[in-house]
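First chain written, first letter: the chains are A, B, C and D, and each begins at residue 1.
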Amino acid sequence: MALVLDRAELTEFVEQAFAQVKGDFAIEAMDEELLVLRLKVDERHLRPGGTVSGPNIFALADVGIYFAILARIGRVPLAVTTNASIDFMRKPKSGVDLLAHIRILKLGRVLAVGDALIYSEGDDRPVARASMTYSIPPGATEPQG
Amino acid sequence: MALVLDRAELTEFVEQAFAQVKGDFAIEAMDEELLVLRLKVDERHLRPGGTVSGPNIFALADVGIYFAILARIGRVPLAVTTNASIDFMRKPKSGVDLLAHIRILKLGRVLAVGDALIYSEGDDRPVARASMTYSIPPGATEPQG
Amino acid sequence: MALVLDRAELTEFVEQAFAQVKGDFAIEAMDEELLVLRLKVDERHLRPGGTVSGPNIFALADVGIYFAILARIGRVPLAVTTNASIDFMRKPKSGVDLLAHIRILKLGRVLAVGDALIYSEGDDRPVARASMTYSIPPGATEPQG
Amino acid sequence: MALVLDRAELTEFVEQAFAQVKGDFAIEAMDEELLVLRLKVDERHLRPGGTVSGPNIFALADVGIYFAILARIGRVPLAVTTNASIDFMRKPKSGVDLLAHIRILKLGRVLAVGDALIYSEGDDRPVARASMTYSIPPGATEPQG
(Lines give C-alpha, C1' and ligand atoms only; values in the text may rest on other atoms or scores of the structure.)
Protein backbone atom coordinates (compact mmCIF):
# COMPACT_ATOMS: atom_id res chain seq x y z
CA MET A 1 0.00 0.00 0.00
CA ALA A 2 1.84 3.08 -1.24
CA LEU A 3 2.13 6.06 1.09
CA VAL A 4 0.56 9.35 -0.03
CA LEU A 5 1.69 11.50 2.90
CA ASP A 6 5.15 11.84 4.41
CA ARG A 7 6.02 12.17 8.10
CA ALA A 8 6.02 15.95 8.09
CA GLU A 9 2.66 16.15 6.31
CA LEU A 10 1.10 13.59 8.67
CA THR A 11 2.39 15.29 11.77
CA GLU A 12 1.22 18.70 10.64
CA PHE A 13 -2.24 17.39 9.73
CA VAL A 14 -2.78 15.48 12.96
CA GLU A 15 -1.50 18.27 15.19
CA GLN A 16 -3.88 20.68 13.50
CA ALA A 17 -6.79 18.24 13.73
CA PHE A 18 -5.99 17.13 17.29
CA ALA A 19 -4.43 20.10 19.00
CA GLN A 20 -4.70 18.39 22.38
CA VAL A 21 -2.15 15.71 21.55
CA LYS A 22 0.19 18.25 19.96
CA GLY A 23 3.72 17.45 21.08
CA ASP A 24 2.83 14.12 22.70
CA PHE A 25 3.75 11.95 19.73
CA ALA A 26 6.59 11.75 17.21
CA ILE A 27 6.85 9.52 14.14
CA GLU A 28 10.20 7.76 14.51
CA ALA A 29 10.07 5.82 11.26
CA MET A 30 7.55 5.13 8.51
CA ASP A 31 7.55 3.00 5.40
CA GLU A 32 5.02 0.78 3.64
CA GLU A 33 5.60 -2.00 6.16
CA LEU A 34 5.95 -0.34 9.52
CA LEU A 35 5.26 2.93 11.32
CA VAL A 36 7.00 3.57 14.65
CA LEU A 37 5.32 6.17 16.86
CA ARG A 38 6.90 7.53 20.03
CA LEU A 39 4.92 8.67 23.05
CA LYS A 40 7.05 11.34 24.67
CA VAL A 41 6.25 10.29 28.21
CA ASP A 42 5.50 13.18 30.52
CA GLU A 43 4.30 13.49 34.10
CA ARG A 44 0.70 13.81 32.89
CA HIS A 45 0.83 10.36 31.22
CA LEU A 46 1.77 8.52 34.41
CA ARG A 47 -0.21 6.69 37.02
CA PRO A 48 1.05 6.29 40.59
CA GLY A 49 4.26 4.27 40.50
CA GLY A 50 5.50 6.21 37.52
CA THR A 51 4.23 3.95 34.71
CA VAL A 52 2.19 5.10 31.72
CA SER A 53 -1.53 4.65 32.31
CA GLY A 54 -3.80 2.38 30.29
CA PRO A 55 -5.69 5.22 28.59
CA ASN A 56 -2.38 6.70 27.39
CA ILE A 57 -1.28 3.32 26.01
CA PHE A 58 -4.67 3.12 24.27
CA ALA A 59 -4.13 6.61 22.84
CA LEU A 60 -0.66 5.72 21.55
CA ALA A 61 -2.00 2.70 19.63
CA ASP A 62 -5.05 4.62 18.42
CA VAL A 63 -3.07 7.60 17.12
CA GLY A 64 -0.39 5.37 15.61
CA ILE A 65 -2.84 3.26 13.63
CA TYR A 66 -4.70 6.42 12.58
CA PHE A 67 -1.41 7.90 11.34
CA ALA A 68 -0.63 4.75 9.35
CA ILE A 69 -4.08 4.76 7.73
CA LEU A 70 -3.87 8.47 6.83
CA ALA A 71 -0.42 7.87 5.34
CA ARG A 72 -2.21 5.58 2.85
CA ILE A 73 -5.50 7.42 2.22
CA GLY A 74 -4.50 11.05 2.74
CA ARG A 75 -6.05 13.77 4.85
CA VAL A 76 -9.35 12.14 5.87
CA PRO A 77 -10.36 13.56 9.23
CA LEU A 78 -13.54 11.51 9.48
CA ALA A 79 -12.04 8.07 9.92
CA VAL A 80 -13.27 6.87 13.34
CA THR A 81 -12.27 3.97 15.57
CA THR A 82 -15.10 1.42 15.73
CA ASN A 83 -13.39 -1.38 17.67
CA ALA A 84 -10.31 -1.75 19.82
CA SER A 85 -8.84 -4.80 21.51
CA ILE A 86 -5.85 -4.46 23.82
CA ASP A 87 -3.77 -6.90 25.84
CA PHE A 88 -1.75 -5.28 28.60
CA MET A 89 1.13 -7.69 29.13
CA ARG A 90 3.86 -5.97 31.12
CA LYS A 91 4.28 -2.87 33.24
CA PRO A 92 5.91 -0.10 31.20
CA LYS A 93 9.37 0.83 32.40
CA SER A 94 9.41 4.10 34.29
CA GLY A 95 11.50 6.96 32.97
CA VAL A 96 11.52 5.92 29.32
CA ASP A 97 9.30 6.68 26.33
CA LEU A 98 6.96 4.14 24.75
CA LEU A 99 7.33 3.10 21.10
CA ALA A 100 4.42 1.66 19.12
CA HIS A 101 5.20 -0.53 16.11
CA ILE A 102 2.23 -0.21 13.78
CA ARG A 103 1.22 -2.39 10.84
CA ILE A 104 -1.84 -2.01 8.61
CA LEU A 105 -3.41 -5.43 8.01
CA LYS A 106 -6.35 -4.36 5.89
CA LEU A 107 -7.32 -1.21 4.03
CA GLY A 108 -10.75 -1.74 2.55
CA ARG A 109 -13.42 0.48 1.13
CA VAL A 110 -15.19 1.03 4.46
CA LEU A 111 -12.98 -0.62 7.10
CA ALA A 112 -9.29 -0.53 7.90
CA VAL A 113 -7.57 -2.75 10.47
CA GLY A 114 -4.24 -2.02 12.11
CA ASP A 115 -2.10 -3.76 14.68
CA ALA A 116 0.23 -2.24 17.29
CA LEU A 117 2.96 -3.71 19.45
CA ILE A 118 4.01 -1.30 22.18
CA TYR A 119 7.44 -1.36 23.83
CA SER A 120 9.26 0.53 26.54
CA GLU A 121 12.24 2.10 24.76
CA GLY A 122 15.23 -0.20 25.10
CA ASP A 123 13.23 -3.34 25.97
CA ASP A 124 12.22 -5.91 23.33
CA ARG A 125 9.45 -7.49 25.42
CA PRO A 126 6.12 -5.90 24.44
CA VAL A 127 4.25 -3.87 27.07
CA ALA A 128 0.97 -4.19 25.17
CA ARG A 129 -0.64 -5.41 21.97
CA ALA A 130 -3.53 -3.62 20.34
CA SER A 131 -5.62 -4.02 17.23
CA MET A 132 -8.10 -1.45 16.06
CA THR A 133 -10.68 -1.12 13.32
CA TYR A 134 -11.46 2.20 11.68
CA SER A 135 -14.52 3.10 9.66
CA ILE A 136 -13.57 5.12 6.60
CA PRO A 137 -15.95 7.62 4.99
CA PRO A 138 -17.32 6.42 1.63
CA GLY A 139 -15.15 7.40 -1.31
CA ALA A 140 -12.06 8.12 0.79
CA THR A 141 -10.22 5.06 -0.46
CA GLU A 142 -10.24 2.27 -3.00
CA PRO A 143 -10.20 -1.27 -1.65
CA GLN A 144 -6.74 -2.79 -1.54
CA GLY A 145 -8.08 -6.34 -1.47
CA MET B 1 -21.46 -10.96 45.22
CA ALA B 2 -21.81 -8.92 48.39
CA LEU B 3 -20.28 -5.44 48.51
CA VAL B 4 -17.60 -4.78 51.10
CA LEU B 5 -17.06 -1.07 50.39
CA ASP B 6 -19.64 1.69 50.05
CA ARG B 7 -19.60 4.57 47.57
CA ALA B 8 -17.82 6.98 49.90
CA GLU B 9 -15.13 4.44 50.81
CA LEU B 10 -14.56 3.54 47.16
CA THR B 11 -14.34 7.14 46.04
CA GLU B 12 -11.94 8.05 48.80
CA PHE B 13 -9.71 5.06 48.09
CA VAL B 14 -9.56 5.57 44.36
CA GLU B 15 -8.99 9.32 44.59
CA GLN B 16 -6.09 8.69 46.96
CA ALA B 17 -4.66 5.93 44.78
CA PHE B 18 -5.24 7.79 41.49
CA ALA B 19 -4.91 11.48 42.28
CA GLN B 20 -4.87 12.32 38.57
CA VAL B 21 -8.48 11.32 38.00
CA LYS B 22 -9.63 13.04 41.21
CA GLY B 23 -12.85 14.87 40.45
CA ASP B 24 -13.35 13.32 37.01
CA PHE B 25 -15.68 10.55 38.12
CA ALA B 26 -18.66 10.19 40.42
CA ILE B 27 -20.47 7.00 41.45
CA GLU B 28 -24.13 7.65 40.66
CA ALA B 29 -25.49 4.37 41.95
CA MET B 30 -24.11 1.07 43.18
CA ASP B 31 -25.64 -2.20 44.27
CA GLU B 32 -24.79 -5.88 43.80
CA GLU B 33 -26.14 -5.83 40.24
CA LEU B 34 -25.08 -2.54 38.75
CA LEU B 35 -22.66 0.34 39.27
CA VAL B 36 -23.27 3.59 37.41
CA LEU B 37 -20.23 5.83 37.03
CA ARG B 38 -20.40 9.38 35.70
CA LEU B 39 -17.64 11.04 33.74
CA LYS B 40 -17.96 14.74 34.52
CA VAL B 41 -17.14 15.87 31.01
CA ASP B 42 -14.75 18.79 30.90
CA GLU B 43 -12.92 20.62 28.12
CA ARG B 44 -9.86 18.42 28.61
CA HIS B 45 -11.86 15.27 27.78
CA LEU B 46 -12.98 16.49 24.39
CA ARG B 47 -11.68 15.99 20.89
CA PRO B 48 -12.31 18.53 18.14
CA GLY B 49 -16.04 18.70 17.51
CA GLY B 50 -16.75 18.65 21.22
CA THR B 51 -17.18 14.92 21.76
CA VAL B 52 -15.41 12.86 24.41
CA SER B 53 -12.26 11.21 23.03
CA GLY B 54 -11.71 7.46 22.78
CA PRO B 55 -9.05 7.36 25.50
CA ASN B 56 -11.44 9.08 27.91
CA ILE B 57 -14.21 6.60 27.09
CA PHE B 58 -11.67 3.83 27.69
CA ALA B 59 -10.76 5.40 31.03
CA LEU B 60 -14.41 5.65 32.09
CA ALA B 61 -14.99 1.94 31.48
CA ASP B 62 -11.66 0.99 33.05
CA VAL B 63 -12.22 3.01 36.23
CA GLY B 64 -15.85 1.90 36.48
CA ILE B 65 -15.06 -1.81 36.28
CA TYR B 66 -12.17 -1.30 38.70
CA PHE B 67 -14.55 0.39 41.15
CA ALA B 68 -17.04 -2.47 40.86
CA ILE B 69 -14.32 -5.06 41.52
CA LEU B 70 -12.95 -3.17 44.52
CA ALA B 71 -16.48 -2.86 45.90
CA ARG B 72 -16.43 -6.67 46.09
CA ILE B 73 -12.83 -7.43 47.12
CA GLY B 74 -11.92 -4.34 49.13
CA ARG B 75 -8.94 -2.03 48.92
CA VAL B 76 -6.64 -3.97 46.58
CA PRO B 77 -4.51 -1.45 44.71
CA LEU B 78 -2.66 -4.08 42.70
CA ALA B 79 -5.49 -5.31 40.49
CA VAL B 80 -4.37 -4.54 36.92
CA THR B 81 -6.20 -4.54 33.59
CA THR B 82 -4.90 -7.37 31.40
CA ASN B 83 -7.34 -7.17 28.47
CA ALA B 84 -9.81 -4.64 27.13
CA SER B 85 -12.21 -4.86 24.21
CA ILE B 86 -14.25 -1.83 23.16
CA ASP B 87 -16.83 -1.17 20.48
CA PHE B 88 -17.36 2.50 19.71
CA MET B 89 -20.89 2.64 18.34
CA ARG B 90 -22.10 6.22 18.33
CA LYS B 91 -20.67 9.68 18.67
CA PRO B 92 -21.14 10.94 22.25
CA LYS B 93 -23.50 13.91 22.51
CA SER B 94 -21.69 17.16 23.10
CA GLY B 95 -22.39 19.13 26.22
CA VAL B 96 -23.54 16.23 28.40
CA ASP B 97 -21.78 13.85 30.77
CA LEU B 98 -21.20 10.16 30.02
CA LEU B 99 -22.65 7.43 32.23
CA ALA B 100 -21.14 3.93 32.36
CA HIS B 101 -23.37 1.06 33.44
CA ILE B 102 -21.04 -1.57 34.92
CA ARG B 103 -21.69 -5.23 35.66
CA ILE B 104 -19.26 -7.79 37.05
CA LEU B 105 -19.58 -11.06 35.14
CA LYS B 106 -16.91 -13.06 36.91
CA LEU B 107 -14.93 -12.65 40.11
CA GLY B 108 -12.46 -15.50 40.32
CA ARG B 109 -9.35 -16.21 42.30
CA VAL B 110 -6.98 -14.61 39.79
CA LEU B 111 -9.20 -13.01 37.13
CA ALA B 112 -12.24 -10.74 37.22
CA VAL B 113 -14.30 -9.77 34.16
CA GLY B 114 -16.56 -6.75 33.94
CA ASP B 115 -18.77 -5.27 31.27
CA ALA B 116 -19.64 -1.61 30.61
CA LEU B 117 -22.31 0.05 28.53
CA ILE B 118 -21.63 3.76 28.11
CA TYR B 119 -24.34 6.33 27.41
CA SER B 120 -24.57 10.04 26.82
CA GLU B 121 -26.73 11.33 29.66
CA GLY B 122 -30.33 11.46 28.51
CA ASP B 123 -29.91 9.07 25.56
CA ASP B 124 -30.70 5.35 25.82
CA ARG B 125 -28.65 4.35 22.75
CA PRO B 126 -25.19 3.20 23.91
CA VAL B 127 -22.18 5.23 22.81
CA ALA B 128 -19.81 2.35 23.49
CA ARG B 129 -19.54 -1.15 24.93
CA ALA B 130 -16.48 -2.36 26.77
CA SER B 131 -15.40 -5.52 28.54
CA MET B 132 -12.24 -5.74 30.59
CA THR B 133 -10.33 -8.42 32.44
CA TYR B 134 -8.40 -7.68 35.61
CA SER B 135 -5.69 -9.78 37.18
CA ILE B 136 -6.11 -9.94 40.94
CA PRO B 137 -3.18 -10.45 43.31
CA PRO B 138 -3.14 -13.93 44.89
CA GLY B 139 -5.08 -14.10 48.13
CA ALA B 140 -7.05 -10.91 47.53
CA THR B 141 -10.29 -12.77 46.93
CA GLU B 142 -12.01 -16.11 47.18
CA PRO B 143 -13.44 -17.51 43.96
CA GLN B 144 -17.12 -16.81 43.55
CA GLY B 145 -17.59 -19.67 41.08
CA MET C 1 -35.79 -1.83 16.27
CA ALA C 2 -38.87 -3.58 14.92
CA LEU C 3 -38.59 -7.21 13.84
CA VAL C 4 -39.32 -8.04 10.20
CA LEU C 5 -38.92 -11.84 10.44
CA ASP C 6 -40.45 -14.24 12.94
CA ARG C 7 -38.78 -17.27 14.54
CA ALA C 8 -40.02 -19.73 11.93
CA GLU C 9 -38.92 -17.53 9.02
CA LEU C 10 -35.50 -16.96 10.57
CA THR C 11 -34.94 -20.63 11.30
CA GLU C 12 -35.98 -21.68 7.82
CA PHE C 13 -33.74 -19.07 6.19
CA VAL C 14 -30.66 -19.86 8.26
CA GLU C 15 -31.04 -23.62 7.91
CA GLN C 16 -31.26 -23.24 4.14
CA ALA C 17 -28.31 -20.85 4.03
CA PHE C 18 -26.21 -22.84 6.52
CA ALA C 19 -27.16 -26.48 6.06
CA GLN C 20 -24.23 -27.57 8.21
CA VAL C 21 -25.66 -26.14 11.41
CA LYS C 22 -29.14 -27.46 10.63
CA GLY C 23 -30.61 -28.86 13.82
CA ASP C 24 -27.85 -27.51 16.08
CA PHE C 25 -29.67 -24.38 17.15
CA ALA C 26 -33.18 -23.46 18.26
CA ILE C 27 -34.61 -19.99 18.92
CA GLU C 28 -36.09 -20.19 22.42
CA ALA C 29 -37.46 -16.68 22.56
CA MET C 30 -37.25 -13.51 20.50
CA ASP C 31 -38.55 -9.99 20.88
CA GLU C 32 -37.21 -6.50 20.20
CA GLU C 33 -35.07 -6.61 23.35
CA LEU C 34 -33.68 -10.13 23.55
CA LEU C 35 -33.15 -13.26 21.47
CA VAL C 36 -32.41 -16.52 23.28
CA LEU C 37 -30.68 -19.17 21.15
CA ARG C 38 -30.20 -22.76 22.32
CA LEU C 39 -27.26 -24.90 21.29
CA LYS C 40 -28.57 -28.46 21.37
CA VAL C 41 -25.40 -29.92 22.78
CA ASP C 42 -24.34 -33.14 21.11
CA GLU C 43 -21.31 -35.40 21.34
CA ARG C 44 -19.71 -33.60 18.40
CA HIS C 45 -19.73 -30.28 20.28
CA LEU C 46 -17.74 -31.58 23.22
CA ARG C 47 -14.08 -31.54 24.10
CA PRO C 48 -12.53 -34.13 26.40
CA GLY C 49 -14.13 -33.83 29.84
CA GLY C 50 -17.55 -33.43 28.27
CA THR C 51 -17.73 -29.64 28.04
CA VAL C 52 -18.63 -27.66 24.92
CA SER C 53 -15.53 -26.56 23.02
CA GLY C 54 -14.49 -22.94 22.45
CA PRO C 55 -15.23 -23.00 18.70
CA ASN C 56 -18.78 -24.20 19.41
CA ILE C 57 -19.31 -21.44 21.97
CA PHE C 58 -18.01 -18.99 19.35
CA ALA C 59 -20.45 -20.45 16.81
CA LEU C 60 -23.39 -20.13 19.22
CA ALA C 61 -22.71 -16.43 19.77
CA ASP C 62 -22.00 -15.82 16.08
CA VAL C 63 -25.19 -17.52 14.87
CA GLY C 64 -27.27 -15.92 17.62
CA ILE C 65 -26.17 -12.38 16.82
CA TYR C 66 -26.59 -13.09 13.10
CA PHE C 67 -30.17 -14.28 13.78
CA ALA C 68 -30.94 -11.13 15.78
CA ILE C 69 -29.61 -8.90 12.99
CA LEU C 70 -31.55 -10.74 10.28
CA ALA C 71 -34.68 -10.47 12.40
CA ARG C 72 -34.30 -6.68 11.97
CA ILE C 73 -33.02 -6.36 8.40
CA GLY C 74 -34.58 -9.40 6.74
CA ARG C 75 -33.05 -12.10 4.56
CA VAL C 76 -29.59 -10.66 3.90
CA PRO C 77 -27.20 -13.55 3.40
CA LEU C 78 -24.17 -11.34 2.85
CA ALA C 79 -23.79 -9.91 6.33
CA VAL C 80 -20.34 -11.06 7.52
CA THR C 81 -18.64 -11.05 10.92
CA THR C 82 -15.75 -8.58 10.91
CA ASN C 83 -14.75 -8.66 14.58
CA ALA C 84 -15.37 -10.92 17.54
CA SER C 85 -14.30 -10.59 21.16
CA ILE C 86 -14.99 -13.39 23.64
CA ASP C 87 -14.32 -13.88 27.34
CA PHE C 88 -14.48 -17.49 28.47
CA MET C 89 -15.36 -17.24 32.15
CA ARG C 90 -16.52 -20.61 33.39
CA LYS C 91 -16.47 -24.21 32.27
CA PRO C 92 -19.82 -25.15 30.72
CA LYS C 93 -21.75 -27.73 32.69
CA SER C 94 -21.65 -31.15 31.12
CA GLY C 95 -24.87 -32.78 30.07
CA VAL C 96 -26.89 -29.61 29.55
CA ASP C 97 -27.52 -27.32 26.58
CA LEU C 98 -26.09 -23.82 26.28
CA LEU C 99 -28.34 -20.76 25.99
CA ALA C 100 -27.13 -17.50 24.43
CA HIS C 101 -28.88 -14.27 25.43
CA ILE C 102 -28.44 -11.89 22.50
CA ARG C 103 -28.91 -8.14 22.35
CA ILE C 104 -28.36 -5.84 19.38
CA LEU C 105 -26.53 -2.70 20.52
CA LYS C 106 -26.21 -0.95 17.17
CA LEU C 107 -27.78 -1.40 13.75
CA GLY C 108 -26.20 1.09 11.41
CA ARG C 109 -25.98 1.51 7.69
CA VAL C 110 -22.80 -0.56 7.31
CA LEU C 111 -22.09 -2.04 10.75
CA ALA C 112 -24.16 -3.86 13.34
CA VAL C 113 -22.95 -4.76 16.84
CA GLY C 114 -24.43 -7.46 19.03
CA ASP C 115 -23.69 -8.80 22.47
CA ALA C 116 -24.12 -12.35 23.81
CA LEU C 117 -24.14 -13.77 27.31
CA ILE C 118 -23.90 -17.56 27.26
CA TYR C 119 -25.20 -19.78 30.06
CA SER C 120 -25.35 -23.47 30.85
CA GLU C 121 -29.05 -24.24 31.08
CA GLY C 122 -30.16 -23.96 34.70
CA ASP C 123 -27.18 -21.88 35.87
CA ASP C 124 -27.33 -18.07 36.08
CA ARG C 125 -23.54 -17.57 36.10
CA PRO C 126 -22.40 -16.82 32.54
CA VAL C 127 -20.08 -19.31 30.84
CA ALA C 128 -18.93 -16.74 28.30
CA ARG C 129 -19.48 -13.21 27.01
CA ALA C 130 -19.11 -12.30 23.37
CA SER C 131 -19.53 -9.21 21.26
CA MET C 132 -19.41 -9.26 17.50
CA THR C 133 -19.51 -6.73 14.68
CA TYR C 134 -21.11 -7.50 11.34
CA SER C 135 -20.59 -5.70 8.07
CA ILE C 136 -23.89 -5.21 6.27
CA PRO C 137 -24.10 -4.92 2.48
CA PRO C 138 -24.93 -1.39 1.30
CA GLY C 139 -28.63 -0.72 1.02
CA ALA C 140 -29.66 -3.63 3.23
CA THR C 141 -30.72 -1.41 6.08
CA GLU C 142 -31.42 2.14 7.11
CA PRO C 143 -29.40 3.48 10.00
CA GLN C 144 -31.24 3.27 13.31
CA GLY C 145 -29.04 5.93 14.89
CA MET D 1 11.65 -18.72 25.36
CA ALA D 2 13.30 -22.10 24.80
CA LEU D 3 11.17 -24.94 23.44
CA VAL D 4 10.77 -28.05 25.57
CA LEU D 5 8.72 -30.13 23.13
CA ASP D 6 9.37 -30.82 19.45
CA ARG D 7 6.80 -31.01 16.65
CA ALA D 8 6.29 -34.76 16.93
CA GLU D 9 5.84 -34.62 20.72
CA LEU D 10 3.39 -31.71 20.47
CA THR D 11 1.33 -33.34 17.74
CA GLU D 12 1.15 -36.64 19.60
CA PHE D 13 0.15 -34.94 22.85
CA VAL D 14 -2.55 -32.75 21.32
CA GLU D 15 -4.02 -35.53 19.18
CA GLN D 16 -4.30 -37.71 22.27
CA ALA D 17 -5.79 -34.89 24.35
CA PHE D 18 -8.10 -33.65 21.58
CA ALA D 19 -9.04 -36.69 19.53
CA GLN D 20 -11.73 -34.70 17.71
CA VAL D 21 -9.27 -32.47 15.89
CA LYS D 22 -6.98 -35.40 15.06
CA GLY D 23 -5.81 -35.01 11.49
CA ASP D 24 -7.18 -31.48 11.05
CA PHE D 25 -3.95 -29.67 11.85
CA ALA D 26 -0.28 -30.02 10.95
CA ILE D 27 2.67 -28.07 12.34
CA GLU D 28 4.48 -26.74 9.28
CA ALA D 29 7.33 -25.06 11.09
CA MET D 30 8.25 -24.22 14.68
CA ASP D 31 11.09 -22.35 16.32
CA GLU D 32 11.43 -19.92 19.23
CA GLU D 33 10.06 -17.07 17.12
CA LEU D 34 7.27 -18.53 15.02
CA LEU D 35 4.98 -21.55 14.79
CA VAL D 36 3.14 -22.17 11.52
CA LEU D 37 0.04 -24.36 11.81
CA ARG D 38 -1.84 -25.69 8.81
CA LEU D 39 -5.57 -26.33 8.76
CA LYS D 40 -6.06 -29.16 6.29
CA VAL D 41 -9.26 -27.75 4.85
CA ASP D 42 -11.94 -30.34 4.36
CA GLU D 43 -15.59 -30.24 3.31
CA ARG D 44 -16.66 -30.16 6.97
CA HIS D 45 -14.78 -26.89 7.57
CA LEU D 46 -16.60 -24.98 4.84
CA ARG D 47 -19.61 -22.72 4.84
CA PRO D 48 -21.75 -22.21 1.76
CA GLY D 49 -19.62 -20.65 -0.97
CA GLY D 50 -16.75 -22.95 -0.13
CA THR D 51 -14.87 -20.77 2.35
CA VAL D 52 -13.71 -21.85 5.79
CA SER D 53 -16.22 -20.87 8.49
CA GLY D 54 -15.54 -18.46 11.33
CA PRO D 55 -15.59 -21.14 14.03
CA ASN D 56 -12.94 -23.11 12.13
CA ILE D 57 -10.75 -20.02 11.78
CA PHE D 58 -11.20 -19.48 15.52
CA ALA D 59 -10.20 -23.10 16.15
CA LEU D 60 -7.08 -22.79 13.99
CA ALA D 61 -5.85 -19.76 15.96
CA ASP D 62 -6.83 -21.33 19.28
CA VAL D 63 -5.06 -24.64 18.62
CA GLY D 64 -2.03 -22.90 17.13
CA ILE D 65 -1.50 -20.63 20.12
CA TYR D 66 -2.11 -23.56 22.46
CA PHE D 67 0.56 -25.55 20.57
CA ALA D 68 3.04 -22.68 20.86
CA ILE D 69 2.44 -22.36 24.60
CA LEU D 70 2.79 -26.09 25.21
CA ALA D 71 6.02 -26.09 23.21
CA ARG D 72 7.37 -23.76 25.92
CA ILE D 73 5.78 -25.16 29.10
CA GLY D 74 5.43 -28.85 28.24
CA ARG D 75 2.46 -31.20 28.50
CA VAL D 76 0.01 -29.07 30.51
CA PRO D 77 -3.49 -30.11 29.52
CA LEU D 78 -5.19 -27.63 31.83
CA ALA D 79 -4.24 -24.40 30.11
CA VAL D 80 -7.56 -22.81 29.08
CA THR D 81 -8.45 -19.93 26.78
CA THR D 82 -9.82 -17.01 28.83
CA ASN D 83 -10.09 -14.34 26.11
CA ALA D 84 -10.07 -14.23 22.35
CA SER D 85 -10.21 -11.29 19.95
CA ILE D 86 -10.48 -11.87 16.21
CA ASP D 87 -10.64 -9.59 13.19
CA PHE D 88 -11.98 -11.26 10.06
CA MET D 89 -10.47 -9.23 7.25
CA ARG D 90 -10.80 -11.16 4.00
CA LYS D 91 -12.71 -14.11 2.66
CA PRO D 92 -10.50 -17.23 2.69
CA LYS D 93 -9.67 -18.55 -0.77
CA SER D 94 -11.63 -21.63 -1.64
CA GLY D 95 -9.77 -24.82 -2.40
CA VAL D 96 -6.63 -24.06 -0.41
CA ASP D 97 -5.53 -24.74 3.17
CA LEU D 98 -5.21 -22.03 5.82
CA LEU D 99 -1.88 -21.30 7.52
CA ALA D 100 -1.70 -19.62 10.93
CA HIS D 101 1.49 -17.77 11.85
CA ILE D 102 1.69 -17.86 15.65
CA ARG D 103 3.82 -15.78 18.00
CA ILE D 104 3.88 -15.90 21.79
CA LEU D 105 3.94 -12.35 23.18
CA LYS D 106 3.91 -13.16 26.88
CA LEU D 107 4.46 -16.27 28.95
CA GLY D 108 3.82 -15.39 32.55
CA ARG D 109 3.18 -17.32 35.71
CA VAL D 110 -0.60 -17.39 35.31
CA LEU D 111 -1.31 -15.88 31.87
CA ALA D 112 0.09 -16.41 28.39
CA VAL D 113 -0.75 -14.26 25.36
CA GLY D 114 -0.34 -15.31 21.75
CA ASP D 115 -1.00 -13.70 18.42
CA ALA D 116 -2.03 -15.34 15.13
CA LEU D 117 -2.06 -14.10 11.55
CA ILE D 118 -4.03 -16.42 9.30
CA TYR D 119 -3.45 -16.72 5.56
CA SER D 120 -4.90 -18.64 2.66
CA GLU D 121 -2.00 -20.71 1.35
CA GLY D 122 -0.29 -18.81 -1.46
CA ASP D 123 -1.70 -15.39 -0.53
CA ASP D 124 0.23 -12.90 1.61
CA ARG D 125 -2.81 -10.81 2.57
CA PRO D 126 -4.07 -12.00 5.96
CA VAL D 127 -7.54 -13.56 6.15
CA ALA D 128 -7.79 -12.96 9.88
CA ARG D 129 -5.91 -11.76 12.94
CA ALA D 130 -6.45 -13.26 16.36
CA SER D 131 -5.01 -12.79 19.81
CA MET D 132 -5.80 -15.08 22.70
CA THR D 133 -5.03 -15.26 26.40
CA TYR D 134 -4.59 -18.55 28.21
CA SER D 135 -4.76 -19.17 31.92
CA ILE D 136 -1.99 -21.51 33.03
CA PRO D 137 -2.33 -23.77 36.08
CA PRO D 138 -0.20 -22.62 39.02
CA GLY D 139 3.29 -24.07 39.00
CA ALA D 140 3.22 -25.05 35.33
CA THR D 141 5.68 -22.35 34.31
CA GLU D 142 8.10 -19.78 35.59
CA PRO D 143 7.49 -16.20 34.54
CA GLN D 144 9.55 -15.18 31.53
CA GLY D 145 9.24 -11.49 32.35
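One rule holds for everything that comes next: contacts are C-beta pairs under 8 Å (C-beta built on N, C-alpha and C of every residue); 3 or more make two chains touch, one makes a residue touch a chain.
Keep in mind the model is a prediction, meaning the values are calculated, not measured.
Set side by side, the interfaces B-C and A-C show unequal numbers of C-beta pairs in contact, with more at B-C. Subunit B and subunit C, compared by their mean Cα positions, are separated by 27 Å. With each centre defined as the average position of its C-alpha atoms, the distance from subunit C to subunit D rounds to 24 Å.
Once the centre of each chain is set as its mean CA position, subunit A and subunit C turn out to be 33 Å apart. Multi-chain contact residues of subunit B, defined as those touching 2 or more other chains: 82-83, 85, 87, 89, 133.
In terms of which chains touch, the assembly is arranged so that all chains touch all other chains. Residues of subunit C that touch subunit A in their complex: 82-83, 85, 110-111, 133, 135. Subunit D meets subunit C in the complex at residues 17-20, 44, 46-48, 53-56, 58-59, 62, 80-89, 91.
Of all the residues in subunit D, the ones that touch subunit A in their complex are 83, 85, 87, 89-90, 105-106, 108, 113, 115, 117, 125-126, 129, 131, 133, 145.
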